[in-house]
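Chain naming follows the written order as A, B, C and D, and within any one chain the residues start at number 1.
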């Protein structure tokens, strides 16, 4: 079964600048079926000689039946790109762009609330599913191995770290999802936990959180009440001082609930196996799985 | 059965200035159960020694179980009052205020779209239902007689004219609803026509339209497909010149569809009995009813 | 409320919309100096609240400062008569002098409020510089219509899409889209009823520019835009309409009618106008005295009707509610006394204190025919107009 | 981005928010003249980007122009040290001199972004003039919290409700509500991260006024507010943080740490900091070099870490992706050469061109301990810090 993407995934990439083109190319190389690109000034041309580029998302969807959108446009235009993809009816939109103004996300999240589109991100690495060779985003495909552990994280490179640890211990992954480091984002921990819980390809879950906000608390609440599969957790930022933003717009300690220690406590209360340090996420999962 | 209000109607009136107080008093005199007033500076006092006044709509609803809101606040605050009443969960909100900025209504109508509240107005005379002695607005109670004809209109005083004609011919009314003269308003002709069609207290319908917009066309389309009860129609503004606003913000001829003659043609095509002049609305209904 | 082109140009400029360099002149000499500043070649445009200026001689291309002064002299202080003005035309007090623009393409874009979409609607076309209603009638597929979202406004991607669809060259799509987005911001932030750019031009040196601009504003929202309200030019309006507006009355002068109408309520006022037609006459005006009019306001309304030289008879149709008929009657008597008119009145009064009101009119010795309803009013009016009397 | 109080006051004033009369002075003489304008009685406030000024001597009440000059002289050109500043304090270049206000009541109102509500959140309290975090901790029921609607903003009725709940006298509820609505407009239209008025005062002569104002802005949205970006005062920031910021690096100086951290990715950077802790040391900084850093940017990041005098060892943890490890290694070598440092480096490099990168570091003769993962990094770091070596 799997989550978010499958064999029928048809990828549309919006924003084919230097980084966007590089990453779109990597998605294709991993095996993802990219069916369309969107670039207002390059409509009518081809991407890598094989994928048609359109002026607008609506045109691209109409012509190619694309069903997943991936956004690499600059932050100033990212919210508009999300809305364009939502209006075009794409069921899944993944926004990689970092630095989207938070007020733009206030508007955008409210706008899409009653729309049938799921948004992942912004400021996220996207997702990857080894079993179907599906990669929507920038997670390096070579570090993954196919398997039955789902990974969900607020961070990009830290996710890679965790995946490497798992892979090195022979523990493969079902799907790996980065929900992003911004305080206002689309898909949440709870959303992904629910998908993994219902996914027959996933046996256990790694959830990597960080300081700031209360999304980990909401995840803990959900895990306690709804998740039967084992969850290994990690929270980074134990050494971060209060009031300082740690790179991610959302990673800032603004009160007790935002502290790493508080999040760890609540996750442990919810039955999550919290790794003692980010170096032992893989080891913790091996322990939990009895390997 | 009846429409919009019934024996359980509990009226809240917001905006108890000179006109609002006068009209609230008339509603009570007609027999309407007014349970609360709202006025920020008069919270804790009583209206006419019997009805408590609250500072906020939420407080008033919580304390009194009000289920219909009536708004008389000045136009500049009318949209905010509508939103306050919607947020307080009132299922029916009637806004009498005239001159509400159209951009305020753009926002307000979009805001309430997925809320469970029905809005009538703004810039409307409200509604009145003789059988339950319910009056929510400013339609003079003394001109009505109880009966089985439903009346719906964009105009205030013209509605009174039609009601007087009916009453003088011995034709009583079930409910009389003014949807208002603004181009952007809540409840439409189609909404009220649907209610009358489903109302076991209504045998026939009077619908009074005017120049401007295409709401009468939408009504005609609905009547053709869904209304089995006889409908007598009237359209005023046959002598109005194009491009000039006839008092009502919505009463302006901006193209062919806005013309009275065009609306009459389409209503007649839909099977509506259109009165030859506004002077014979009652006579037309008498003819249709075979009296 | 309407404003002049030069005022619209300034508003657009403050929103970052590209417009030609221009200035406004009240004298031929000022026009000369402005044209000098643009190197002599310029366009001189009469500033009036009406379209059709070009055909009426209100727009002149000039190729020297002297010609600019001459063109301005030919417009300033005169009345300009176009197909959109009343018959005597409207006075020209100012001209706008603008630099000439080398045009590669003329496009059209406008924003209005759309009652069905319940949101601002952008209408755009590749056919700029023409009468857009003709374009809409003859080649409707050349009009692009996109509604803004009521809550988040016009999305940039929509603006880009519109620019592409009306044929903006691909390299200019971005500035054109920004311009369209800014027009939508003007519309929304200033409570406009219309923002119309005709033509929107692509210049030969690769710019997108609003060559002519028309902006109208919602009267109901002027209270929150004092800077806009201050732009009003009462002289451009019909004198009677302006007087009624100042008195807070909804009044519209109708050409060629001879029956003055005085009614409370817009719908009933239109019905009353229609009734005069069935009586074989044309209404001279729309007039709604409103809900709670006091005696002196009624008197003023009456005087405005009487001072219309086309009017031969007056049809009064009042439905007492908040308005009390006795108060209205006293206002009519006051107005009649002030003007000394002996014009015949056909009067229907119903509702609050109607009998008292009719008695007051009768006691005042006015030339009144009292009727009971709209049908009787039509009959009575026919009699009155055919020379019959009560 | 933060701005000074006097700048925040000007923004509020432009939105119609009532503020005390005030001016800004760079010299004692200017302060004297301002105080004269207010009749001598005034408050002199040091303009620094930090709270806690009162207790630190940065706010002085004066009763004559001379006293104002004296107070200003005591602040200007000095560093002010408060509990919110770094240990050496921040320089005072300007003071604000404001008229004294006769206060009847002190209230509190602030707007921040709320991630759970996904909308701006108004927090208000009857307990103004105090540390609001203490109020929240001790008497949470004295804090009113109301979220603005994400699409239509803060409704006037909500603002009115807030004003009533925090005890604004009934006759002043309307102006207080307007003030709160205007704060919400500032927050939204200027892309603020914080608008805080503490205290919001009710004056003895019946006005509602923002006596002290703090406004912060979202860095990510500064591109659309050049007028706000221009208000930045780099001198108020930590010098290293400012240098990193100018270089486009996300860097935060951490007090008392001795292990410099150089990482790509914010999450991995926090993880790396946490790992240093497990190795028995404190991290000296947070540093994310970002996704696609070029050689010279890496070099600059390295130099910033080295120039922190607290740093004794550096932990490099890079995950090659868009970032290529060979490029990063060359940047590190460049930075090491530029600074001449011999500091021990513990380096984990994984992903794109990792082996090539490690080889470059080895060839350069730097004091490098290479590790394979985070766990090994902790072990190696412990050894390095205890004087052991590779």
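Here is the rule we go by: contacts are C-beta pairs under 8 Å (C-beta built on N, C-alpha and C of every residue); 3 or more make two chains touch, one makes a residue touch a chain.
Keep in mind that this is a model prediction, so the values were computed, not measured.
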Could you tell me which chains make contact with chain A and chain C both? D
Please tell me whether B-D or A-D has the greater number of C-beta pairs in contact. A-D
Euclidean distance of C-alpha centroids - chain A vs chain B, Å: 50
Find the geometric centre of each of chain B and chain D from their Cα atoms only, then give the gap between the two centres in Å, rounded to an integer. 55
What's the distance between the Cα centroids of chain A and chain D, rounded to whole Å? 29
List, in ascending order, every residue of chain B touching at least 2 other chains. 107, 110-111
Going through chain C residue by residue, note those that touch at least 2 other chains and give them in order. 149, 151-152
Please classify the inter-chain touch graph. Allowed labels: line, ring, star, complete, other. other
Tell me, which pairs of chains are in touch? A-C, A-D, B-C, B-D, C-D
Residue numbers of chain C touching chain D in their complex, please. 151-152
Of all residues in chain D, those that touch chain A in their complex: 113, 115-116, 118-120, 133, 149-151, 188, 191, 193, 218, 220-221, 223-224, 250, 252, 254-255, 263-271, 273-278, 282-283, 286, 288, 291-292, 319, 321-322, 350-352, 373-375, 377-378
Of chain B, residues touching chain C in the complex: 19, 22-23, 75-76, 99-107, 109-111, 138, 140, 143, 153-161, 164-165, 168, 181, 183-184, 208, 210-211, 213-215, 234, 236-241, 244-251, 255, 276-280
Residue ranges of chain B in contact with chain D within the complex: 40-41, 55-58, 77, 80-81, 83-84, 87, 107, 110-111
Quick one: which bits of chain D touch chain B in the complex? Just the residue numbers, please. 149, 151-152, 155-157, 160-161, 164, 170-171, 173-174
